[in-house]
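The two complexes that follow have subunit A in common; it is paired with subunit B in the first and with subunit C in the second.
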Partner chain A sequence: MLSQSILENKSKNNKKNSHFKQKFKEWFEVLPFIGLGLVLLSVFVVYPQIKNIYMAFTNYNIMPGQPSEFVGFANFMRAFHSEKFWLAFRNTVLYGVVTVPGQMAIGLIVAVLINNVIKGKNLYKVMIYIPVITSWIVVSLIFKYLFTDGKEGLINYALLKLHLISNPISWLQNTWTANFVIWVLGIWKGIGWVMVIYLAALQGIPNELYEAAEVDGANPVQTFFKIIIPLIKPTTFFILINLIIGAFGVFIQVMMITNGAPLGTTDVLLNYMYNRAFSDFEFGYASAISVIIGIVIMAITLLQKRLLKYDEFNY
Partner chain B sequence: MSKKVISVLVAAILALTFVMAGCSSNSGTKKTTDNSSVNDTQKVEPVTIEFWHTFSDTEDKILNEQIIPDFEQKYPNIKVKATRMPYDGLKQQVISAVAGNATPDVMRMDIIWVPEFAKLGALQPVDNLEGFDAIKEKAFKGPMETNYFNGHYYGIPQDTNTKIAIYNKTLLQQAGLTEPPKTFDELVAAAEKIKGKDRWGIAISGTGPWGIAPYFLSLGGKVTDDKYTKATGYLNSPESVAALQKLIDLYNEKLIGPCILGGQPDTWGGMKGNNYLMIDDGPWFYSIQGDAAKQSTVPALFPQGPGGSISVVGGEDLVLFKTTKHPKEAWIFMQYMFSETPQKLLAQQAGLIPTNMDVANSSDVSGDPIISLYVQQLKTAWPRTPSPNWGKIDETLGQAFEKVFRGKATPQQALDEAAKQIDEFLQNN
Partner chain C sequence: MVKSKFGQLIIHILLLICSAAMVIPFMYMVATALTQDTYVMPYPPILIPKSLYLGNFIEAWNANNFERYFLNSLFLAITNTILSLFISTLSAYGFARFNFPGKNLIFNIYLFTMMVPGVLNIVAQYTVINGMHLVDTYTGLLLLYVGGGIAGNTFFLKGFFEQIPRELEESIIIDGGSRWTIYRHIILPLSKPALATFAIFAFSGTWDEFFTALTLIKTPIKRTLPIAIRMFQGQFATKWGLVFAASLIAVIPIILIFIIFQKYFIRGGIQEGALKG
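Right after this comes the complex of A and B.
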């Protein structure tokens, strides 16, 4: 009896040991494949992030080898009491509120349209996708020139010729027209990506469902709202989260087009952070802002996961 | 089995590359140290110093084709690797270089950055180096002082500049004038005569100090006391408020063009398109645009207002970075750049105003009518408050003026608030 239980134990231990050995062997085998990636990740992603959090609590000195004074939460308090920080925060949130639904609605419509054309599908796809892969810098400059003030600007010129306006609009000199330009650019550049993801989802819907709907007498509008929209719900959530995170990263177009002008009323968080760090040399304060941005994004993502339940559809 | 072999192979190759990379870089550093030891024993192995600058096209050509060859001929042991940097984003680039220990040896830097980088600890003081006192004696005082921070000089002046008034010849004739207005009142009278659709009398390039200060100061405004310690009582004095109010009135009467708030046409475009009677700019206006601009415009001193004819001092200093490996050679190059040959070449061929008084007063340079105008304007020009916090002061002033032009604040409100903030910046120098 006793010897039997000992024996059993022993075999269990053996099993455990061999299990570890197995794991170890697996790790050893995959290490060459992920090792380099792991090293790069720690050097270029993990380490900078940890250092950034540390910097946020100091009055950071950029000179190598110089001491940086620890200031606790002073940088964070300064941000919360700064009018300009809240302006930038407001504009970042507004950018998300306007451009995320804009990109999703237009992207979905375009995807459905392309899914239904018979000839030239790829041509349309490429045309709509080109803005996504174009450089932010280039398109920002182009938009800046398109929306130049005075009657020489292309948009003003067109609107004047069409008699839609009687005086040229100073697009970039007013808070809301300048924000409008930034939003339009954001939507225009994002449609292609939304379209591609939605197209993939649309192709996953089995044809039988469309056929059944047709037999039941559904018109195209009903099909769109009753078949397509519910079936691509998981994709919609995926796109939503990605776009919201992306919206918090709005930066280059603002820096290139307005740089916050007029009077910081079009500034966004990243541009505000960039200028504090690289124009004013306030690296500690800028790091604190980046930590705040990180926390907000994390909170939004967790909240979304809570609020929107992922439903997987089984056809 | 074969899987295992492959993974082991991959691991081995990876390990090998790392080791080899390590080896090659090691041997590389060894070689360079060998070189420098050869240098010490007087064998002619040239030292290369790196020089960053923001010279314009014309100036860059003079530097590479005439100045550097002349220097390398005089000092065969020193090679100069000159890199032209774009001004946009340059401050950020220098900051990253400082943080990453990748600075050049010498840089020609905007005068307003020197105290800021000196405070950061990126620059080496040069006032203890041999030959500095001779340079200080020969240099114009204003530009020299832009290198001063906390008891030391952190560079030497390379070139200086200011802005003068530039008038459109066609519009000047239409206003019934044969020569540029001498006083601000005359200018306003002329502006009223030519005022019309797409026509303005005065074009100010922006609300930042570099753009608006000449008008604000000539009209009697002040920024700080003479010792740069206090703005309250100066920036918001009745004279300053009146000066700003006058500018606002002119803007509302459409005598000042839309470019002050970033609208179109900009100053150069408006000068070419006969939209603006008067703009202001530095010597590069003529060196970049060439003879065509000389034909169609008339340069003159800033018109006199209640405060006089006061412009802004600009320019570039040569600084020595702390991380340089060849301070001796770099300093030789800096001294050379202050000497007669390069200063004269840049003055005569590119219109850069020399900081070396001997060169500025020599007849070849002072004979040029445009350069002599700039030199004359410089005598009364305002050196922007030398302070490591100048960047923030600049932003504060610019936003205060912008608020007023956009009708978001009265001159008194905006200047009161700005003066209070600037006081703080000046105290935290």
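Right after this comes the complex of A and C.
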């Protein structure tokens, strides 16, 4: 009896040992492949993400070796009581509310048009995609130039010549005209990307469906709403999530065109965060802003996944 | 399909309006860059250059160090593309073909880090780089570029590697080849189109990268093109011809790459989000 149980134990131990050995061997084999990436990702992404949360609760001191005072939720409280923060928050949300539907609607229409055009398909595609591949810095400068105050700016010039306005508009001096310029730029730059994604989806719709609709006497508008829109629904979700997250990343164009002027009324969250960190050196406060933005983005992503059953869709 | 001639005409008109809205701002930039600067904006605005005045380009390139900034950007973009290509293909192969304890957990952590945009980490990343005394160095910049790209790149490439039939690998194993042989002689050659897409996006992504470079690089001579253009605009606010000539130096290579490798761009567009570190 006893010897038997000892024997059993021994074999169990052996099994456990060989199991561990097996696991160790597997790691040993894969480590040369994933090791370097794992280290770099841990040190330069995962660790900063965790550190960011820690920093948000401190009065962070940038000097190495200097202690950082723990301040609890003070940084978050400061943000929630700051008028500038709420202005930036409002402008970020407005940017999303205006540019996401704008990009999607125009992008979809352009995609349907290109899908239907017989000649020059590729040329149109290239022309409409060029803003997508051009750096934000450069397109921001172009828009700043297009919307220059005074009669010399191209937009003011065109509006004056068409007698739509009688005096040149000072686009970048007023909150809402400046926000308008930022929104137009956001839509203008994003249309090409939406178009390309929608085109891929449209090309997946079999021709027989269009023919069947035609036989049934559907006009193009009915075909659009009753056939195309429902069939590309998964693509719409994919684009929606990407664009909303993208909208929270609105930054370069604001920094380049207004940098928040006049008086922070065109500021957006990331620009606000960046300036707090690298102009005012308030790293703890900036981290708190970053954590708030991160939570909002995650909440939106999760909510959308729940509501739209995005999981079923794999690109 | 709209087949009638009239229908096609309407479509062409609408598409022409849309294309014009996309192209006119660029024409405005090019025409301004090709016009001699006079400190006042040309009136009426010019869309078609009257001459081929190259003075702005020469001035930006020679007198304002844009030659150097161009080389800086080129160096960083090429180095990051090669490093990322190397590390990410290895990493993706590891996740696509190996079994090891904790694999799913680690891969989920990779995916989780992608849920928030990379820009949000810049403050903490700066403190990490500062702690390593790598502020104002290309080493620090490249570590953030490569590290920041790993999760997305691994995810993107893993998908391609998994589609490669396993039977091909079995023949190598029978012949006594190792995992490295498979990686080098099966996986890499068979995913050339994916790697080309990858390289193009990694290159153009680094070429246009702004925030990390703006945050880390302090010495003027080490600036990359996007940073140089921003500083330039602050310095020569009214010399738009010069500013746009400098901008075109940065934009033209990307547009050329786009036109040459169009099909990769359009296909890769879908993964664009995943590849922008």
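Definition applied: the second predicted complex is superposed on the first by the 271 of 315 C-alpha atoms of A that agree within 3 Å, B and C clash if a C-alpha of one lies under 4 Å from a C-alpha of the other, contacts with A are read in each partner's own complex, and residues count from 1 in each chain.
Rule of thumb we're sticking to: contacts are C-beta pairs under 8 Å (C-beta built on N, C-alpha and C of every residue); 3 or more make two chains touch, one makes a residue touch a chain.
Every value quoted in this text rests on a predicted model; they were computed, and no experiment measured them.
Asker: Now for A:G153: first (subunit B), second (subunit C), both, or neither, which partner does it touch?
Answerer: both
Asker: Where does A:F278 make contact in the superposed view: on subunit B (first), on subunit C (second), on both, or on neither?
Answerer: both
Asker: Name the contact category of A:L172: first (subunit B only), second (subunit C only), both, or neither.
Answerer: first
Asker: In the overlay, answer first, second, both or neither for which of subunit B and subunit C A:Q66 touches.
Answerer: First partner only, subunit B.
Asker: First (subunit B), second (subunit C), both or neither: which does A:N116 touch?
Answerer: After superposition on chain A, A:N116 lies in contact with subunit C alone.
Asker: Going by the contact rule set out at the top, does A:L263 touch subunit B (first), subunit C (second), both, or neither?
Answerer: In the superposition, A:L263 touches subunit B alone.
Asker: By residue count, which of the two partners contacts subunit A more extensively, subunit B or subunit C?
Answerer: Looking at subunit B versus subunit C, the one contacting more residues of subunit A is C.
Asker: Using the superposition on chain A described above, determine whether A:F33 touches subunit B (first), subunit C (second), both, or neither.
Answerer: In the superposed model, A:F33 contacts both subunit B and subunit C.
Asker: Is A:M298 touching anything from subunit B or subunit C once the two structures are fitted on A? First, second, both or neither.
Answerer: Only subunit C is touched by A:M298; subunit B is not.
Asker: Does the superposition put A:Y145 against subunit B (first), subunit C (second), both, or neither?
Answerer: A:Y145 contacts subunit C only, not subunit B.
Asker: From the superposed pair, tell me which subunit A residues show up as contacts to subunit B and also as contacts to subunit C.
Answerer: 29-30, 32-33, 36, 62, 64, 148, 150, 152-153, 278
Asker: For the complex, which residues does subunit A have touching subunit C?
Answerer: 23, 26-27, 29-30, 32-34, 36-38, 40-41, 43-49, 51-52, 55, 60, 62, 64, 106, 110, 113-114, 116-120, 122, 124-139, 141-143, 145-146, 148, 150-154, 157, 188, 191-193, 196-197, 200, 207, 210, 220, 242, 245-246, 248-249, 251-252, 256, 270, 273-274, 277-278, 283, 286-287, 290, 293-294, 297-298, 301, 315
Asker: State the interface residues of subunit B toward subunit A in the complex, per the touch definition above.
Answerer: 3-4, 7, 10-11, 14, 91-92, 95, 98-99, 101, 116, 120-122, 258, 261-265, 391-392, 399, 402-403, 406, 408
Asker: Which residues of subunit A touch subunit B in their complex?
Answerer: Contacts found on subunit A: 28-33, 35-36, 61-64, 66, 148-150, 152-153, 170, 172-173, 261-264, 278-281.
Asker: Please give the residue numbers of subunit C that touch subunit A in the complex, ascending.
Answerer: 1-2, 7-8, 11-12, 14-15, 18-19, 21-26, 28-29, 32, 40-45, 47, 87-88, 90-91, 93-95, 98-101, 106, 109-110, 113, 115-128, 130-131, 143-144, 146-148, 150-151, 154, 179, 183, 204, 207-208, 210-211, 215, 226, 229-230, 233, 240, 243-244, 247, 250-251, 254-255, 258-259, 262, 265-266, 269-270, 272-273
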